[in-house]
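Shared between the two complexes below is subunit A, which has subunit B as its partner in the first and subunit C in the second.
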Partner chain A sequence: MSTTTTGCLDVRGLDVTLRSGEGRDLHLVRDVTFSVGSGERFGLIGESGCGKTTTLMSLMGLLGADATVGGEVRIDGTEILGSGERDVRRRRWSEIAVVFQGAMNSLNPVVTIGRQIAEAARRGAGSGSGVRERVHRVLELVGLRAEVARRYPHELSGGMRQRVAIAMAVVCEPRVLLADEPTTALDVIVQAQVLTALENACAETGAALVLVSHDMGVIGEVCDRAAVMYGGEIVETGRIETLLHEPAHPYTRLLVDASPRLSDPGRELASIPGAPPRPGVDHAGCGFAPRCPDRFEPCGSHGPALLPVATALQQARCHLHHPPAEEAP
Partner chain B sequence: MAPLRVIGRRLAGAGVLIWLAVTFDFFLFRLAPGNPVDQMSRIPQGSRQLQDQLTREFGLDQPMVVQYVRYLEQLSQGNLGVSFVNRQPVTDNLIDAIVNTLPLVGLGLLIAIVLGIGLGILAGAYRGRPIDHGAVTLATFMYSLPPQWIGMVLLFLFAGTLPTGGMVDQFLIDPTPTQYLADLGRHLLLPALTLGLVMFGQYTLIMRSSMVETLSDDYVLTARAKGFRPRYVLRRHALRNALLPTVTLIGLSIGAMVGGAILIEVVFSWPGVGRTIYDSIVARDYPMMQGAFLVFTVSVVLFNLLADAAYSLLDPRVRRAGAAR
Partner chain C sequence: MSEDAPALAIDRLDVRYGARKAVDDVSVTVRGGELVAVVGESGCGKTSTAMAAVGLVRPAAGSIRVNGVDLVATRGRRRRELLRSIQLICQDPYEALDPRFTVEDVVSEPLLVHRVTTSGAERRRLVVAALERAGIPSADSYLGRYPHQLSGGQLQRVAIASAIVLEPEVLIADEPVSMLDVSMRAGVLRLFADLRDAGIAIVMITHDLITAAQYADRVVVMYAGRVVEEGRPDVVLSSPLHPYTQALLAAVPDPERSRDTARPALPGEPPDLAALPPGCRFRPRCAAAIDACATIDPELAPAGQRASRDLHRVACIRVEAARSETASGRAGAAPAEADGTRPRLPVRSTEGPVS
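Moving on to the complex of A and B:
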């Protein structure tokens, strides 16, 4: 399942530039490439402002007119970028659906849960027939009773609302399901329920899942593969076990060290010194170099490329593994 | 039944509020300079005896507290007293005034709502575009103009084309119902337009800002992500939520309009509640003032209650919260 084979969702060289007020362009996402197969669960990890959410929003075509999106995005081999607003709208929810960050607020407060899911259900194929049954089925899929359909969002707990958002996202059985920090602001027990709901929903519909989180633990629990993002770029990608146990990029290693682990409760948590780069600010050399404990000569001047480490399954954007030998004096 | 209890408590609160307003008005009018007898006896032959006789007749020779208790006794029997000026029961005078005011407020409000909310929705939906700047500028400008000035400008522009004052043409003899309504409509147009122009600005500003706020809410993004057309998202998801603050404002302003179109009714000689308030103050006609201000108070309180009721129909959060408490 390397990035060279065609998956269900194929993202190649995704580039997002935001035109800012002063005429300066902010390069928010650079050359992001990944591929997710049908039924596969792919994670995007990174600190706030690293471009995870922007990446998802560009896949949905929901960035404003100020944003320029370049590269290729294919669903089942069909290019969806630049296919026109009408076409993008048609694909939303029926082919690619999303569970938003803080989905507690992503439900309309004055409309019942059932009507909101039913409205989403009509976006898919075979609309009209058995909408009620489909609403009840997806609610059941995420572990909620059918009677929840008659309730209003404010009558549900945060975790229930989040599960409703997941149910709503899979009601049309999309090919690709995006989830943006679906468990942020939930306590650990509820978090586990929501993740289970997400896994069940994907397993049932065979959707390719892209899960965005800053939490290594959440990604580790759900995903098969993941990509680590830093400053708008993917700095490492590979199977989740590899990332957790043999990280190639210093940033990945620091992220793993910064997450608590059940197997080693006494371990002191590391923090990463410094702050992430301001979104969209261009830099010479590696974006992580100023905070990197392992930086050496070329890091400040040459930007590393994303290249295979050990096997083709793992790739890292770091000079430690691919020193720019030919350019060294 | 919990909702019934809520309604009961709201009504009781409204009753107390009205009593407080009535009491305040009663003493305020009597403490204000000038009195009805001076106003009426300021005729050349006004003798001392006439003044004393009028004072006794109006019950103004009694201590103020006795007058107040008598007034409350009357009020509790639904009797608003007799006008000092035209010696008709205040209730009859007021009913005439209310009947005359309703079409004015109704049409004025309709103009204000259509213009105000429509413009507010457009401005909010096209935030930052020329139509938004235009709408906000126009709304702020109109809202800041004095009502009587707008009325006079309209009079200046349309005098000759449309009647300039009164409610009906005095020289229309034995009109058919259709003729009567057409005549009423012609008289109604200018004052109602003035009222609409005075009121719509605040609706536009409130509607626009709540529209802008709603459109940036997460559930609107969800609706867009579901692949619905912008217009559908606006209509089905943003509009109902954005309407909530405006409903409260409209409720508040209708109440104020019923009694408060004073300046407009004076400019256009419209024989409504506002005009009655104005005339009764000039004459220091205490019973009429008390009655007219009571209408004013009751309409503010009543439309406030109605706005709350409408709000709870639109917003399930208020509905359940009210029932639970």
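Moving on to the complex of A and C:
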């Protein structure tokens, strides 16, 4: 289906179903396909409940036994889905690592920063020697002084603690770094410091970055390419410039128009009528149709497929570009 | 209650938490039909100012006048009456609304607390009117719903309805859209603009300068408990004078910026509010600081010589210096401040580790 070349992280047809308490199946992520090269920065953007965090959790193998994960996930060509718990643990942090939104609040309050990073460093393969040096090097990488190693979490600001979380995530030099809304609770100045730390950490280690955010500005500034998610599906993917200036999907266009921009502060922000769908609820036709200003006949009954728009680099899941007749084999 | 008194006049407000000066000598005036945005990073004192204005925090000094009557000096029934006309809207509607309360319970609660009417039918009429004013269409059908049945945008509108059901003259909104999905934000912000147009005085606390600029009549920038710059949003955004305001603007994510240029960033952290540095409290992070900044605590002063000067004010001695040089015809190295070309002070970018 995807025409992108094999990257450092390859996700194909990822599908996540969660068995809910009442025994109902919630189809949270459907047919998610993307590929991120070494050193590349890829964004996942969408509103709450669109499936972006569930996608990350499934890549980390952190979804519980109630979740069924289908599809393929490869790191440097090696399939990681369906491998045993021991393999998943071995791979976690040394091959694929994550920084969560609230990571700054999950540091151990009674252990120094240096010891916590050192502990993280020992999780990786080939550790042992030079842990102290590695701790100081990753602290420097995220813009913190070496003396921060001797401090306790409560002595640091939220932004500094979030940078410590990034340092912990990259100390084992993972091939893939996932970041889930790493700056959402922070104000702009601290956000800029954290984003710089994230970029430097990836540049230095050559990790493929997957950045999840609801903020078009953040994704646009950090990432090379991005996928827009809605109702558990990717509805558009492409280069940042294309998504910002020539969005193919009406949802992408509205999302761009709803985001304030410094270059045009007087512009009236768009709002999208209605609310995002409840996660995991199946629908006939296109998931965005109920809120879409451009919907026409087939949208309510036929679900569109993710297909190339202008070039193979841009794909959209929208009948405007591919009326159903064209899709038939 | 004097006729021409502003709806809300905060004057020389101090708020302390032990040794920490959360708000230090802050004055903000908001008239009916005016929307003022208070902008700054966490810990700058914007929320403490709001808390004091609605009577939830006792100020250490200063006055808070609602239609000319000082809230701080008023007690008992008179104070309750005064508090009725100034209402707070919280950041997180998911947390602010009790999950066991229906929409009708939430919006009628203030009417019960302030004993507005004894008639149930009248109460329901007021609730429906407030919901409709807050942009909930066919409000009747929402009365029996619970918070979990509503979207974030609808929840915030219900919270707004419960604030306006008492017909307040002042609304204080603390980050009212930061918890909402992007697609819902514009609608809620538009609602505040409509309430402003209907004559309510609105204070909107936010860390989003761009949004503030679009909906506000005036922007107040706070840093470490002080107002450092104040003015019309178009003026403050196009020609910010205080180095902190400039840093705040530079930090706004810009998708258009080239990936090759370094992200401008302000190094360091805000000062400890219990041990403020002498002189200007922004000095330790300021690239434009000179020796005098370590001794002179700058006052908020008019930034222009023209008719608009009462609109744009800044607390920075470097700006004053640049202005007086221009005024005496020795523009020299200092950038000229006339007709839009205002002094723009350099903000250093982070190079190498900072803490």
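Just so we're on the same page, the second predicted complex is superposed on the first by the 322 of 329 C-alpha atoms of A that agree within 3 Å, B and C clash if a C-alpha of one lies under 4 Å from a C-alpha of the other, contacts with A are read in each partner's own complex, and residues count from 1 in each chain.
As a convention for this text, a contact is a pair of C-beta atoms (placed from the backbone, for glycine too) under 8 Å apart; a residue touches a chain by one contact, two chains touch by 3 or more.
All values derive from a computational prediction rather than experimental measurement.
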Subunit A as common anchor, with subunit B and subunit C clashing or fitting: fit
First, second, both or neither for A:I240, with subunit B first and subunit C second: second
C-alpha centroid angle, subunit C to subunit B via subunit A, nearest 10°: 70
First (subunit B), second (subunit C), both or neither touched by A:R91: first
In the superposition, subunit B vs subunit C on subunit A residues touched: C
Partner chain in contact with A:P260 - subunit B first, subunit C second, else both or neither: second
Partner chain in contact with A:L195 - subunit B first, subunit C second, else both or neither: second
Subunit B versus subunit C as contact partner of A:H154, first or second or both or neither: first
Which superposed partner A:C8 touches (first subunit B, second subunit C, both, neither): neither
Which of subunit B and subunit C A:A120 touches, first, second, both or neither: first
Touching partner for A:S48 - first (subunit B), second (subunit C), both, neither: second
After superposition on chain A, the shortest CA separation from subunit B to subunit C (Å): 10
Interfacial residue positions of subunit B with respect to subunit A in the complex: 217-219, 221-229, 236-237, 240-241, 314-317, 320
Residue numbers on subunit A that touch subunit B, as the complex places them: 60, 62, 89-94, 97-98, 100, 102-103, 105-111, 119-120, 123, 152, 154-155, 165
Contact set on subunit A toward subunit C in their complex: 47-48, 139-140, 143-145, 147-148, 157-160, 186-193, 195-196, 199, 214-221, 224, 240, 244, 254-255, 258-263, 265-272, 275-276
Touching residues (chain side subunit C, partner subunit A) in the complex: 41-42, 151-154, 181-187, 189-190, 207-211, 213-214, 233-234, 237, 247-257, 259, 262-266, 269, 350, 353-355
